[in-house]
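Look for subunit A in each of the two complexes below; its partner is subunit B in the first and subunit C in the second.
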Partner chain A sequence: MRRLDARLLLPVLSLALLLAAVFWVQPRAMSYTGLNLLFNLAVPIALATIAQMLVIMVDDIDLSIGTFVSFCACVTATVLHDSPLLGVLVLGAAVAVYAALGALIEARKLPAIVVTLGMSFVWAGLAVLMLPAPGGATPDWLRTLMTVKPPLLPMAILACVLLAVVSHLLVTRSALGTRLRAVGGNARSVARAGWSVVRLKAVAYGLAGVFGVLSGMALVGLATSADANIALRYTLLSIAGVILGGGEFTGGRVSPVGAVIGALTLTLAASFLSFLRLSPDWQIGAQGAILVLVLAARLLVRRRAVA
Partner chain B sequence: MSGLVRPWSWAFAAAGLTYAATVALTGVQGAPGLLVATLTFASFSVLVGLGQMAVITLGPGNVDLSIPAVMTLAGTLSLKLMDGAAGTEAWGLLAALGIGLGAGAANYALILLLRIPPIIATLSASFMFQSLAVWSNRGLRIKPPDTLATFSTGATLGMPNLAWIALLAAAVFWVLIERSAYGRRLSAIGQNARAARLAGVPVEGVRAATYLLSAVMAALAGFWLACFSGGAALNMGAEYLLMSIAVVVIGGSSIAGGNSNVPGIWGAAMFMFLIVSMLNSYGLGAGVRLILTGAVIIAIVAAASGRRAAA
Partner chain C sequence: MRTLTKMALSAAVLALAGPALADTADRRIALSNNYAGNSWRQAMLQSWETVTGQAVADGVVAEAPAFTTAENQATEQAAQIQNIILEGYDAIVLNAASPTALNGAVKEACDAGIVVVSFDGIVTEPCAYRIAVDFREMGRKQVEYLSGRLPEGGNLLEIRGLAGVFVDDEISAGIHAGVEQFPQFSIVGSVHGDWAQDVAQRAVAGVLPSLPDDIVGVVTQGGDGYGAAQAFAAAGREMPIIVMGNRQDELLWWKEQRDANGYETMSVSIAPGVSTLAFWVAQQVLDGQTVPQDLIVPFLEIQQDGLDAALETTPEGGVANEEYTLDDAKAVIAAAAN
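Let's turn to the complex of A and B:
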């Protein structure tokens, strides 16, 4: 338990530090509206980061999550808006495809990095077929849900807290979550203990698909329309978010709460840089620099923990 | 690995079949032109693919995500330096290679000093390279010197000049990987890094050399791509990230590391270009084309690992 706390310490600290820096540069951000604007886009990114984390948890990596979220956004803005029942069916089928991929990767021992790379072409193609030009419309209930203004805390922050709690219960507290993390830690021992690794990987990928679908829907709820390239950045952002949140690429060592915090940090970093009136030329570079700084700090913390 | 069927022959067979299927539709008069286009565009994929192959051979977790950014940076900065003037060609090429070395050193420094996974290190470095390129370019479009523009679009002995360069690069890589101590060490690390270290292989030296090599190849590809297309563009490297990984895997190298395959890179690069032009000539839209490309990649990987399991 104490190790878990140490793992979470750094993501929390970097988020707090960044938030303090934002408030210092732009004190007006310290309000309900300000926070809402700062974290608005965090919800879909956090959902995509949890999806990526579920795949990294079983020792794989998902290079298709960005195009998958784009595809789900396109479905939400077209089919789900026009005929809700068909839309639910399509999104359900997409989740089933994700689960089937997990089973295929394990059953045939395929490299996940290549299969998901191939799938990224497939989802991109399907998204282009759905929505050849940017457009579509948000279902009203989704728009209402994403723009609701609850008392005390903005919707974006409440949603992220809820997501962190739900995924923490699912991954760290449930029996299923423990089995899934065990697949990442030592798949052979899980198989010896009588569990079907193929089925467990299908479950992990299926869950990732569910969070991917939710991410696409949340994105359309905020953006009010969609296009086929709307979430391409999410592939890299989600990997960075998982790592920033203290997750590791191997061994099933991931932290759902950390992943959500990592996603929030990345969202905030972008807002912070635009507050600084930094020339847009340098914004991507500065985001990379922030990533490097956080990882360097993590190294220092770890050294001290070892000593 | 003995026997008549070499692991790389599959990529060439697939490329040959796709070529035949395209020519069957477009008619024989288009065949030579298609071949020239294939060789030219495959060259860029081969250059970046060779570097990515060396990195992937290092073992699980090793992949260079900074290739597109390094291509863009080398392309923009070297063209800016030459400024279209004659007599500056050698300096431009040297500058591109220097940028490659610098970028590779930055990548490796992050991996070594921060002990972060190479995926994250090359990803964060690529953000910074991309920013540098944006800052230095500012939307200008500088033309390459005429000599370089003519050379990169020309042909010698019936083969595009760029294909000669990529062929030479592949030959150098083949010697490096199959015949040199570096290649043996690279494979040893990819198969079992711990065993290699205990056996006295200078693991960190080999890793450093490999990331430098990959960045230099990306810079070289970026330089020639900028010359070939008459100027650098900020998104010119974008499609080569997926391409570099795809050609390595389709070419028969092991994605888990430790086993690389130089000829396969050429076969896979030609196949990847041909499959797109085949689907184009069958009049399919962008969406269907993307779906089929993805399906083909997955099918090849599924079939290839099935063979390995059966063997």
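Let's turn to the complex of A and C:
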């Protein structure tokens, strides 16, 4: 438990620091509506980040999550809106494909980076087939859900807290989560203990698929309609979010709470730079600089802890 | 002189003239832009800066900064719009990355009482104002011009844009409508030039041998006229009337030909300065004027006598531009209201 806290300290600190800076530059953000505007687009990013984290947890990486979320968004805005039952079936099938990919990658010992890169083109193609021109519509219940104004806390914050708690329970507290992390830590010993690694990887990828679907749905709920290219940025954002949140590429060392915080930090960093009126030519660089800064700080903290 | 096709008449302008400017002196208008990576967009931002800088100096509005997203992505622009809402602007002028994916953010802005005016890349959210391009008319106009030049008609070659893009279908539909209106013309060949001179040159060179010798005109979509001319010259064909698309290389070639042999044509496209038209429309809405939700961008046409002036002000490798005034905006609004 204490180690988890140390891992979380830096992400929490960076988020708090950035939030303080944003409030200082733009005091208007310090309100119910302000916080919601600041963070509501972070909700789909956080969901995609959790999906990415589940794959990174089993020592793989998912380069297709951005196009997968785009595809799910297109399905949500078209099929799910027009005939809900068929929509659920299509999204369910997409999750099944994700699970099958996980099994395939493990069973044939394929490099996940290659398989998911290939799949990213498949999802992108399917998204264009679903929605050749931007459009579609949000199912009413989804729009209501994403624009709900609960008392006390805005929807964006509430959703992120809920996501952090659920994924924390799933990954860190449940028996399944422990086994999945063990696959990332030492797959061979998991196999020796009598568990099927193929099945476990299928479960990890399947869960990632579920969070990917949720991300696409949340995005359409916010955007009101879809576009085949709507979430291309999510691939890199999700990887950055996992790492920023204290996760590591190997060894099953991930933190769900950290991943959500990482996604929020990335979103906030972009807003902060925009409030500063930084020229767009510098913004990508500055965003990268913030990332490097946090990672460098993490390295320093870790080294001191070891020494 | 360049002629701006103002569909409204000066009478309409007079009818609207006279509202006080001071009403918007403390208002702030932001430009939300998704992309700055080509000459058209650079000219668009430059025009915005020039016109709004003057407007701020004159006390028409308090502030009018331009925001461009670091990457051309709808999700980034949605976040950018939400940031602009947070900063408390009164109006957002928007060139959108997606016609639909920003609707949620645009709705948030409208709900916060912010005026949203989209142009060029327009959005479908009903609460926003749209300044759209009438691409059909752009196609039809070319045939109309040719009918004035060549009353007896003849064979036309059509150069289309990028296959599968909405703009290409629209301009082409307009050209075909024009041919129906002026039946003395017939389109004997059609190639895709992808709005790029090199692609157009290859495509035209490839199709020329299969076409009759008496091609009198080439109807284009912009960015392809120079390439077509090169292909005709290389094939040793008689130069037809090629309608140009306001690109600097096209205008330069046209001038060279005019000086050498009196070549005559016309050029039509949309001026990047349409961002400034959107600015004035937003200002008019903030001023309390009644503005229709859907407006049409006037074309920037260059005729023979305006060629030198246009070429002088067009940067090398760029596009001819026009900055709009408050009166232009009023004319456009009046035209749409009728």
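Everything that follows uses one rule, which is that the second predicted complex is superposed on the first by the 307 of 307 C-alpha atoms of A that agree within 3 Å, B and C clash if a C-alpha of one lies under 4 Å from a C-alpha of the other, contacts with A are read in each partner's own complex, and residues count from 1 in each chain.
Keep in mind that, in the parts below, a contact is a pair of C-beta atoms (placed from the backbone, for glycine too) under 8 Å apart; a residue touches a chain by one contact, two chains touch by 3 or more.
Note that the structure is predicted; figures quoted are calculated from it, not measured.
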{"item": "Contacts of A:Cys160 with subunit B and subunit C, given as first, second, both or neither", "value": "neither"}
{"item": "First, second, both or neither for A:Lys109, with subunit B first and subunit C second", "value": "first"}
{"item": "Which superposed partner A:Ile284 touches (first subunit B, second subunit C, both, neither)", "value": "both"}
{"item": "Touched partner set for A:Val58, first subunit B, second subunit C, both or neither", "value": "neither"}
{"item": "Partner chain(s) touched by A:Ile239 [first = subunit B, second = subunit C, both, neither]", "value": "first"}
{"item": "Contacts of A:Leu200 with subunit B and subunit C, given as first, second, both or neither", "value": "neither"}
{"item": "Touched partner set for A:Ala29, first subunit B, second subunit C, both or neither", "value": "second"}
{"item": "Contacts of A:Val213 with subunit B and subunit C, given as first, second, both or neither", "value": "neither"}
{"item": "First (subunit B), second (subunit C), both or neither touched by A:Val260", "value": "neither"}
{"item": "Overlapping contact positions on subunit A, where the subunit C interface meets the subunit B interface", "value": "283-284, 287"}
{"item": "Subunit A residues within the subunit C interface of the complex", "value": "26, 28-29, 33-34, 37-38, 40-41, 44, 133-136, 219, 221-227, 229-234, 267, 270-271, 274-275, 277, 280, 283-284, 287"}
{"item": "In the complex, subunit B residues that touch subunit A", "value": "60-61, 63, 65, 110, 113-117, 119-120, 123-128, 130-132, 134-135, 138, 242, 245-246, 249, 255-256, 285-298, 301-302, 305-306, 309"}
{"item": "Residues of subunit C that touch subunit A when the two form their complex", "value": "36, 65, 67-71, 73-76, 78-80, 82-83, 85-88, 98-105, 107-108, 112, 124-125, 166"}
{"item": "Parts of subunit A lying in touch with subunit B, wherever the complex brings them together", "value": "61, 104, 108-111, 113-115, 117-129, 132, 236, 239-240, 243, 249-250, 279, 281-289, 291-292, 295-296, 299"}
